[in-house]
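Labels for the chains are A, B, C and D, by order of writing; each one numbers its residues from 1.
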Amino acid sequence: MRLIDVEAERLGTGDAGLKAPAGPDLSDRFRRVRSTTLALTASLSAEDQVVQSMPDASPAKWHLAHTTWFWETFVLAPAGVAAFDPAYAFLFNSYYEALGARHPRPQRGLLTRPDLDGVHRYRAYVDDHIQSLLDRRALDKATRDLVALGLAHEEQHQELLLTDILHLFAQNPLKPAYRPCPPTPAIALQDESTASTADIDFPGGLVEIGAEAADGPSAFAFDNEGPRHKVYLAPFRLADRLVTNAEWLAFMDDGGYARPELWLADGWACARAERWSAPLYWDKADGAWLGFGLEGAGPLELAAPVCHVSFYEADAFARWCGRRLPTEVEWEHAASQASTTGNFRDSAALRPRPLTRQPGAAASRGPHQMFGDVWEWTASPYAPYPGFRPAPGAVGEYNGKFMINQMVLRGGSCVTPKDHIRASYRNFFQPHQRWQFTGVRLAADVR
Amino acid sequence: MRLIDVEAERLGTGDAGLKAPAGPDLSDRFRRVRSTTLALTASLSAEDQVVQSMPDASPAKWHLAHTTWFWETFVLAPAGVAAFDPAYAFLFNSYYEALGARHPRPQRGLLTRPDLDGVHRYRAYVDDHIQSLLDRRALDKATRDLVALGLAHEEQHQELLLTDILHLFAQNPLKPAYRPCPPTPAIALQDESTASTADIDFPGGLVEIGAEAADGPSAFAFDNEGPRHKVYLAPFRLADRLVTNAEWLAFMDDGGYARPELWLADGWACARAERWSAPLYWDKADGAWLGFGLEGAGPLELAAPVCHVSFYEADAFARWCGRRLPTEVEWEHAASQASTTGNFRDSAALRPRPLTRQPGAAASRGPHQMFGDVWEWTASPYAPYPGFRPAPGAVGEYNGKFMINQMVLRGGSCVTPKDHIRASYRNFFQPHQRWQFTGVRLAADVR
Amino acid sequence: MRLIDVEAERLGTGDAGLKAPAGPDLSDRFRRVRSTTLALTASLSAEDQVVQSMPDASPAKWHLAHTTWFWETFVLAPAGVAAFDPAYAFLFNSYYEALGARHPRPQRGLLTRPDLDGVHRYRAYVDDHIQSLLDRRALDKATRDLVALGLAHEEQHQELLLTDILHLFAQNPLKPAYRPCPPTPAIALQDESTASTADIDFPGGLVEIGAEAADGPSAFAFDNEGPRHKVYLAPFRLADRLVTNAEWLAFMDDGGYARPELWLADGWACARAERWSAPLYWDKADGAWLGFGLEGAGPLELAAPVCHVSFYEADAFARWCGRRLPTEVEWEHAASQASTTGNFRDSAALRPRPLTRQPGAAASRGPHQMFGDVWEWTASPYAPYPGFRPAPGAVGEYNGKFMINQMVLRGGSCVTPKDHIRASYRNFFQPHQRWQFTGVRLAADVR
Amino acid sequence: MRLIDVEAERLGTGDAGLKAPAGPDLSDRFRRVRSTTLALTASLSAEDQVVQSMPDASPAKWHLAHTTWFWETFVLAPAGVAAFDPAYAFLFNSYYEALGARHPRPQRGLLTRPDLDGVHRYRAYVDDHIQSLLDRRALDKATRDLVALGLAHEEQHQELLLTDILHLFAQNPLKPAYRPCPPTPAIALQDESTASTADIDFPGGLVEIGAEAADGPSAFAFDNEGPRHKVYLAPFRLADRLVTNAEWLAFMDDGGYARPELWLADGWACARAERWSAPLYWDKADGAWLGFGLEGAGPLELAAPVCHVSFYEADAFARWCGRRLPTEVEWEHAASQASTTGNFRDSAALRPRPLTRQPGAAASRGPHQMFGDVWEWTASPYAPYPGFRPAPGAVGEYNGKFMINQMVLRGGSCVTPKDHIRASYRNFFQPHQRWQFTGVRLAADVR
């Protein structure tokens, strides 16, 4: 369908070529990733892009500027390129202590100046200089690694930009849509073929997880994904699909949000304090639950994966089922046997979609929906792998200093760029956070 | 100077005609007040107008929309005119409980939709309908009173809009200026002719203050200004001019912000908690104090009235001088003998200005700077006058329900429209608030 | 009844002699006031006396020690008497900045040492030395004034001690009673003779209020009660008795706590945030309201004055009645024509009591219950009188520095010592505070 | 030395017999554990025992009552013994949701009633009934398990009682001592023999940790210690002793508290917000650091293990050393090869002590100070072991529901009863908490 094609183009499906060899194509890949970031803001007004809806979120304009600052600081400055505006080092540093003082995070939404045009000029200036650098071809390995990191960083902010815009729009009683016209046909609310689930058993044993030492952009991995290491795994069982909205409604109907015995102590305290009674963005109108997503408000799609739940809720739901969440080791071990396909941003759906199975097709083979749709909460606190060393210099602050009070999520979501994800990818959020596209897959011990 | 003329036009000096007879000119006055509001936002981007810098402040766009909602709700709706958009009743109600639920004040800055163009259309729609109504001429007294209230309300928000924009810009490390080019020549930092001050003694006795019952728009007054009533006044003494920045620096140099004996207990606690060491918007750079105003940052003008101080600071300063703040009765008694002239928004300076006296001119006659420049903190808590009755209906919430925990300020400021102010006008803010254009005049007992 | 007599003795009725001439009897009065403080704690365990139930309240032991510190600091130290323990200057200073650093108020309840015996020894040490000083007889006026202030200060803390103990016991699910056996017979819940109320009209005019300059302990007044000054009063109307529990229930039944139009904006925000739905200490059990007081929990006495309501509630109640609260000038003008009699601590009831009228007696003469029972909220913010000067030195911090953000209360309560009160007495609390014995008398304009 | 003997007796060294066979001696062990709890409060006044110094801590009296409630609820109630006072179920339940509503934790210090005598009577009542039950001998396994759990629970509260009293006394400017006379001779501040440290290398591989399924009280373990399971361990290195105060001072002197690059992001934010510049209870006086412990204030013992540091500080210290904290698996693997001896509460020192080595003795054999002195922070977030199942019923809330946002500590401290600890024991606190006796052992990767 043409509309999808157009959408897909705008949302970066064109990135599909990025698995090509790195060296010569780096410039091309840079151009495409950077233009995709801008394309994601095309439907937003300058007003939409300046506002910060909560301290956890950032304005779209700030994402545009901060990613640019990253290129300028880590690639251009060492190469001797003059700063576009020396004041931006203060304004658009996110959290790098090694790079000096910075604008406080909760005040990112107060920066009406530079205006959006100014930030666009900033991007053009930096893009031109990076492009020149890349076109010279003879990049050393360290610079190539930084470019790979810059691309991955930019992609993370593309995802956050969508996540944060959704949060902003959700605060507005007018409930605006990021993309008003859904490009995909409506789906039957209850698809019989998706109702059943099955468990897959894994024998465990001594396994290996984690990323190998990186070698070139096609094999890029963050420092927190390594080193690759051995882990002993007890036998375990994994659900072959994600938990659905229909299943979540059953949890709610059974008093899930009112039964302390299902919850961790901190989770219960949080749920009480925040008066949670449903996933974030669910709204009850005239007795029916509505969802809210990048396409605006609409009836809840019952067969779609539940989304925007916190770790606390995911954990309580699993306990209600007599199950548990998988550990990140279990998840990665299972995922490394599957292909990295799924409902990513590139599909242009921009929302989790029901698992559809071909009628009459063969029985389930391996777990589905491991990649895309929703980030899957794991039972694993975010901690360094054995032998972990942060990257040297200021980029060493990228991951390591957050290894406390967070839980690992795996698999990417419907707003993650396809080429950004891999089996070893470790995302992390605090257990109370819900504005990410986060969902649940169940696991269990094998006895 | 031409530049001043242009500025003055844009900022509403053209309003000078509004003292003409009310009836036939109401439509003309409405047009001018409404267009002035828009003119005040002409130099601001859409981004500048959507952001809320703190819960006490509102976005410029919100001011544009809320004033429009006021007209629609209190004048058009009773006349049977259809709402521009029914959702706006929720979005743009400020605090009227009688009119139902409303968008929470701290979230006014999250409304990126309707966008600025949408709000401009809203204004045009409402302006057209009000204009039609006014052009019919045969308005009853109740409607004329509501129109007069609507105009006064709009003027209050014009002033708040400038106050709030200054606060927003002050949070930005780039320190943008609302009006980059100062239209007035630079003034010598220390003008000998302004250094001296004098006291004026008032004999006191049984006096009358407060507004008479209103009769027509030329005599408009808020309900909180009446009824006119008798007060017994002991003899008192009033400074003939405002406290200056130079005098405030002397207070600071004498440890004014570090000596608890000068402060009210709550004031001291607040000054400690907020780490106050100078008026709001003062900034020390390379050992010198800079001010910040609607024209941006610049060296402190020593002879200008101190501005952006809280009641707590004003009270401590007065105690340091061995003086006190005047009561609102004292102030009004003195002010009612002076003409309502001064440095208002209409002068286009948009900042407090030094008092200049002609060399060789006759000695001081009566207090100066009573109107304009800065709102003057009084020693009077904001309370109802004897016999006070709020206006009936929802507009009765305009003033009365705030008569607690606030202090009265008098005289208007450099961002107050000239025709908005009068001797009986009662403004009110909480004793810790500093983002208004607030300053100090000293008083004393006569023994 | 004997039981009452014993109680009355313990609670200080013996103080009745203190109106005798001051000079020679000062020593006797000192002895009695000090021993009364101790007597008030006789029924309390050491545990009861060490705990602080909220930052606004203080432990009983702290009251015992702080009052002793006051005597030591302001009377003994200037006379050259050595400190009992130098560390106590830090521990038991309440808020006197001029006297140096002090233990933070919210941590008063952490002082398990010195233990209660130690504080009793401290009291004995200071009492002995003060007594020696007083017995020498030839006190100068300044010292006599300080002794008078010390006695008034001690009596204030006697009252606070009872108020704070009630608050502590109210937090305990066991609902302990300060005095388990009520000494007075039960009263019919609804006494016909108390049901009616009447207004008394006052013509107003130029009146005088405030205390004359003090001259000797018999005429003691705090600095905030003076100077005596003229005020012009419009005609007004005052209810001849206090608002009762029965009347408050009618307010509640009429949705008083759920109707924003009845409340000041700050009051409404406070009532929502604190989830107020009844006066403090009221508790609903099996559909009936119970009260809680120094005699423990019990059925609400309908004809008794309502107690433990905030200014916000009092103000909302008055608006519900179409009335208002009296100003402190109105109150004092009316009270100065009445005798200072009422239900004080000396009556040993320790709770507000219904107004009883003799059947067949003559009609109401003047307002009743002006003194005792409950402190009456006035409409007056606490501000300095014209010409007010704080006392010189550290005692000047006693009153003046609190003249902001508080409302004046008048008339004393059922836990106020009889000899402590007078028509000019100004008490003050913040408008949200409810743990004092505070109630309501209605007033109105005369038109 | 006699003094030590007396102390040791009072503090429970008499417990040494508890490794005797369980069945017949259970009654004897019960008697001794219960009487030890009381003995620990013998030097405290009733006032000391009622106050709560912060929400994380509990009053000593509450510990006395809550442990009693535990026995009553889990052992006596199922056996049909009548409750001592039905109200106590509400007052002294700590956090068991399955057992209904409870008194809010932050208000435990408001319970001046029941008074201390009342709680002593409560203990006596419950002790008598438990003793009768135990004397009957024929206990089923479930009851014997509950008794073992009750004893372990009581011992945990013995430790908390000392920890909490230390915190309370530390808030008092008088700095009272729990035990005024130190029973041990002063130690040279810098003992040469303790200055050196050494690393011990462990080859790693597939190891087993965790407790076997419990079978009788002598083998008691909490549910969170099991099940025993295989873990693959990379080779690692462990310091052979704890980090000392002298080493911590070097960290401080090197700007450890002012260098963000050493800290986790959350740790840095916490250290800034709390203004940490030294371990809890350290105090600088006249340029020298003083410590504060159960024996009161005194000069810092440089060779003693550092104590009262948070996980955040421990982690930053390790990074400053170029090391890391051990994981709990590494720690347990190493500890399971050592004997469970050390400086426990039974030694009556009640403070961490320097490691002393015999002059001329053979070189270090295995890690020292693994048990006792201080709880050792590990790098492991507190999470369930593979196959973990909480105990059924309300006691299942004992451990499992806290498995989030906490870090594991190992080894016990100088206030832990000797018989309470074992290699598999998992303690857990939040990473910012410092009032426990917590310290640091370094680890490193082997490359």
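In this section, a contact is a pair of C-beta atoms (placed from the backbone, for glycine too) under 8 Å apart; a residue touches a chain by one contact, two chains touch by 3 or more.
Quick caveat: nothing in here was measured; it's all calculated off a predicted structure.
Chain A and chain D, compared by their mean Cα positions, are separated by 40 Å. Averaging C-alpha coordinates per chain places the centre of chain A 47 Å away from that of chain B.
Distance from the chain A centre to the chain C centre is 61 Å, each centre being the mean of its Cα atoms. Contact with two or more other chains is made by no residue of chain C.
Chain contacts here close into one cycle, and each chain has exactly two touching partners. Taken together, the chains touch in the following pairs: A-B, A-D, B-C, C-D. Those residues of chain B whose C-beta lies close enough to touch chain A in the complex are 45-51, 53, 61, 87, 90-91, 103, 107, 109-116, 168, 171-174, 176.
Those residues of chain C that touch chain B in the shared complex are 95, 97-98, 206, 229-232, 234, 260-261, 263-268, 311-312, 315, 324, 379-381, 383-384, 386-387, 397, 401-405, 431, 445, 447.
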